[in-house]
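Per-chain residue numbering starts at 1, and chain names A, B, C and D are given in the order in which the chains are listed.
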Amino acid sequence: MDSVVHSSLPLWACLASLLAAPAIVLFRRELFLREATTFVAAFVKFGLVLAMLPIITSGKVIEFTLVEGFGGVVAPILFRVDGLGMLFALVASSLWIVTSLYAIGYMRGLHEHSQTRFFAFFAISLSATLGVAFAGNLLTLYLFYEMLSLATWPLVTHHQDKEARTGGRTYLTYLLGTSIGFALPALIFTWIKSGGDLSFAGDAILASADLGPAQGLILLLAFCFGFSKAGMMPFHSWLPGAMVAPTPVSALLHAVAVVKVGVFCVIRVFTAVFGVDLLAKLGVATVISWIAAFTVIVSSLIAMSQDNLKRRLAFSTIGQLSYIVLGVSLLSAHAVQGSMMHIAMHAFGKITLFFCAGAIFVATGKKYVSQLSGLGKTMPFTMGAFAIGAMSVTGVPPTGGLLSKFYLVWGAADAQQFALLAVYLVSSVLNGVYFFPVVYRAFFKPAPEGEAAVEGIREAPLACVLPLSITAVGSVLLFFFPGLLLELTKLMTGAQ
Amino acid sequence: MSEQLPAIILLAPLFGALLTGLAGNRDHRRCFPILISALAVSFGCAIALLVQVSQSGPIDYFVGGWNTERVPLGVGIQLRIDALNALLLVVITTVALLTAVYSFRRAGEENTEKTPQFYMLFQMLCVGLLGITVTADAFNLFVLVEVSSLTSYALVAMGSKSRGTVAAFNYLIMGTVGASFYLLGVGYLYMQTGTLNMAAIHEILADPAFGKSSTVFVAFILILVGVWIKMAFFPLYGWLPNAYSYCPSTTSCLLAPLMTKVSVYVMIRVMLSIFGADWVFQSLGWSHTVVWLAVIAILAGSVLALAQVELKKMLCYLIVAEVGYMVGGAWLANHWGMVGAIYHILADAFMTLCLFIAANIFIKHCRADRIDQLEGLFKRMPLTSTGFVVGALAMIGVPPTAGFFSKWYLLRGGIESGQWGYVIALLVSSLVNAVLFFRIIEIAYFGKNPAESHDHAHDEDSHQGQAGEATLLGGEGRPATVIPLLITAAIVILLGVFNAPVVEIIQQALEGMPVVGAAAAAR
Amino acid sequence: MIVPFDIIILIFLVITALISLRVRDLLGATMILGVYSFLICLLWAEMGAVDVAFTEAAVGAGVSTVFMIATIYHTRRHSSD
Amino acid sequence: MEFLNASVIPYFNYWIYVVLMMIGLHAMITKNNLIKKLIGMSIFQTAIILFYVSIGVKTGSTIPILEHHHDEGHAETAHAVAESGDHHAEETDHEKSDHGNNEHAIEADHGIDPDHFANPLPHVLMLTAIVVGVSTLGVALAISQSIYKDFGSLEENEILAKIKQGGPGVDV
């Protein structure tokens, strides 16, 4: 890496929301102050991330050591901001602002209980997300990864009913189970193999390690399944289970933060732990490719059969995550670039869709696709945004999703993996198949008989509609102005 | 003055105990300040010793001035403090001090009539444990083990629960067998070497002529079995769960973190300082067997813990599993396994303390000790629950708590020595711990307390401002119990975050001792 | 140390130990344990360990027996085995 | 007979200590009455003491008390050994190690043959061990009285049955 800037900015960016959590608890009786705290923290966080942006785009990296390693006894706790981390941090912190607004509208609209706890843990989750984004070595990455699993548990089980308990239990069993059972030993094995180096800086950690193909494959599988937030089958079923959470949680965490942390970790494993060269030499990445491809197709098929809108979105998310994993496992520069871009593109698209699902629920109490007939007339903004989000996730112009898919397909072609290229194309068609009937039903089918005819527009509260409009517009804008994303992803792939 | 520190650290609680006996009988309120000041002196000494040792190497202290200039090594009574036991001294005194704070008024409530006696025993136990740690003499070790054991039998029996006395009796029988085996082993060692000083024995045993001696072999087996009984290593654990769960709460807070850990320390000390790593790991060649025993201990402890319905019982079985961690780690026969085992002694002491204090507060406030009766505690006692959660996360091994890093070192040792069974057992036990603790957390987090279920409005948002500020801490225990808990929780996290310097000290200790590395390097 | 003497005492030791464990009357058992203790004192004195013998006579045979009798007095005299 | 002469008679103390220990251990584990368990414990502990004392014995030796007083007037057992070692710190000859190293030095110094005396160090240790044993017994007896107060019995099976029935502080 060319040059390193030492700065505590990444730490403060992380802490911004962590410090907000106690303040939120403190102001639990003053609703205005409490929500203002959330907003201030969100903006401060975004500001801090933005402040780092020029340094990153100029080709430098930021490093900050929080706890020393003391003579290589253990890896230090270290922040390091590079292009990929920046991209992810930008997406997460900008969407937090929008989500905060949305959450206020949603939670108030539904008169939810324990809102303070909700906002506090939301803030902590965001800290953990940025921690993952800025982690400078595997140990730090793992630390924040676990923190995120735990901090999101109270959010998933927010409703405190039986369903929430079951969902929460599945959630933790999968996430903690795999991370302790697979990722931790893989981590330590890596530490031993690399002779005490877990840092993402410089060459890949295992680049010069002596590793046989069998060992490499086991290690790679342990990492990919260990970071099961990436939702690869067979460790995916926590995600639909987690849909019992309130919609803002599903929106930000299960479309952006948590799941993207999973794929982010997988990308790190591919690029910084193994390194593209080593993987190409060992030839083990194709195993992951095929698991991912399988996940893409199967989850799309399952998504079609789901009537619960949020579950349909959840299965769609599983598919889209595996797009990203598939992309990196192709090991071609363009595919990797496409993967990284897809983190952002899918985030904007999917969060819009979740916002819409939540807004529909707030306004009408409807949860199922089959109930949505004629809704386009009463909720034109919401359903319009839904259409845009669906287009982006499917990859229809003029939305951002097209670009990332384009890169992914380009990468597949580069890698001469035409079967996998076909997977991309087929699954895009499938995406269309499970999304567009929803849009069609909403706009072109008449409202069912017997339901009280609603005159004119009856949208969800403004605090709900505004965010989803913003993210929908964002999805479109990303198509026209992808410059920053391209630049950041090029930094990463160019650097390898 | 500073060269007398090793004596003062023992004498402070000893005189404290005497003073408590003299002054406390008239006025029970005098006991507590005496206890705290005695332990504070010990704590100060421990810190000073740790600093001194880590800067200038091991300290030898000859009781009564029978030093090596006057008599050969092994004639006078010697205390020896190296980096390893200096660390342990700090742990023991810290735990004792925190428990002492916790015992404020609590001990009086639990042993109304016998408060001074309780505090005397408390301090004598500390003398015993500290003595075990500092002594450099194999026979004195036995005497001090008996001092600590005798006081702990009495402490366990002091509870109001009648099952406690039965448990204490079983504990006594098992404990005596353990100590006697140890004594017998020392006898055989003495027969072979003619000395009782650890360093002198080690020097003599380093002679290859003794490598195959069956006397030494028998001595080692006897000592090992004795120590295993004392630390409740798996098949010999029977006394522990009842003894620790039916004793007074203060006693459980003191015994659970310390007794087994100190026994593990004794095992490590015997392995490294008396017999020497080379003999233990190479001439004996038992590593695999013992590690497999440890694997069984870990799995059995975890499974038995899963089957428990009482909170404290469950924690006791977890101790059994944790002992398996440490024994396994120590017997991995490599550097990082040993580092992990020693680090886990420290980490586990605080983790256990954290959980036991929290569990005791829970039990006191719920007036029930079954896990399913802990409903809705998080809302009533947020601080205590936080402490409990920290302890639980450390047990599971979530970063950045101390539990994570000890697992890290142990796993590293396990992977390096290729003991995959041990690695898997550690991971399985982490997962079992996760299941166990999230079961509790779920109950404590969701369950509606019957008393609270009617006022749903208690929820802060729907009717804000209606219930005053008082509710935030209203349900907590008294500060004297909650503050030590929070301090312990903080230590658990800090010990994790700043584990590297601690491990540095452990490594320094292993350099000073005939190193495990010697055996590992020979591979 | 006189070997035949030694052997005789040792054999008696085993016998008294067994009897004291078999007798169902606890007071009797304690008494026989006292005999056992005195025998072992004798043995030690004969083996050259006078100090140990003294201590055992005073503490082992004396105090222990008193303790046990006191306990039996406070509890029950009969044992089931 | 061969075996008897070679392995049993010379080591008779050791055989008996093992036998006594096993008797004690057996009683501690299998006896039902708590007092009986404690009698077993006493036997167990004295067996170990017997073992230690036997280590110090030498054929033809006598009690380790020096007959003539030397300069400092100490006639005590352990000190004689300790002081003699003073001048012979270097002397750690391993050949003698199965009977302790330091006694050999006495002869050189005071014209006393250590082979004439039993090794006093194990004796001194055992004084402590006896005291420890008695205090253990004391604690154990106190606990059994307390058990009797709670359960009205000292028979283990009866106590366990009472616990099963459900008494104070009883769970499953």
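Assume a contact is a pair of C-beta atoms (placed from the backbone, for glycine too) under 8 Å apart; a residue touches a chain by one contact, two chains touch by 3 or more.
The structure presented is a predicted model; accordingly, all values stated were derived computationally and were not measured.
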{"item": "Chain nearest the global centroid, as defined over all protein CA atoms shown", "value": "B"}
{"item": "Whole-Å separation of chain centres (CA-atom averages), chain B against chain C", "value": "38"}
{"item": "Approximate Å spacing (C-alpha centroids) for the pair chain B, chain D", "value": "29"}
{"item": "Between chain C and chain D, centroid-to-centroid distance (C-alpha), Å", "value": "14"}
{"item": "Separation of chain A from chain D, taking each centre as the mean of its C-alpha atoms, in whole Å", "value": "70"}
{"item": "Contact graph of the chains (line, ring, star, complete, other)", "value": "line"}
{"item": "Chains touching one another, given as label pairs in label order", "value": "A-B, B-D, C-D"}
{"item": "Contact footprint of chain A on chain B as seen in their complex", "value": "393, 396-400, 405, 407-408, 411-412, 415-416, 423, 427, 430-431, 434-435, 438, 442, 445-446, 456, 459-462, 464-465, 497-501, 503-504, 507"}
{"item": "Chain D to chain B touching residues, read off their complex", "value": "25, 28, 34, 37, 41, 44-45, 48, 51-52, 55, 81-83, 85-86, 88-89, 91-92, 94, 96-102, 121-122, 125, 128-129, 132, 135-136, 139-140, 142-144, 146-147, 150-151, 159, 163, 167-172"}
{"item": "Contacting residues of chain C [partner chain D, same complex]", "value": "1, 3, 6-7, 10-11, 13-14, 17-18, 20-21, 26, 29-30, 33, 36-37, 40, 43-44, 47-52, 55-56, 59-60, 63-64, 67-68, 70-72, 74-76, 79-81"}
{"item": "Contact footprint of chain D on chain B as seen in their complex", "value": "66, 68, 70-72, 75-76, 139, 142-143, 146, 150, 153-154, 157, 161-166, 168-169, 172-173, 176-177, 180, 183-184, 187, 190-196, 203-204, 207, 209, 246, 309-310, 313, 369-370"}
{"item": "Residues on chain A engaged by chain B in the complex (per definition of touch)", "value": "28-29, 31, 67-71, 73-74, 76-77, 111-116, 139, 142-143, 146-147, 150, 154, 157, 160, 165, 168-169, 172-173, 176-177, 180-181, 184-185, 188-189, 191-192"}
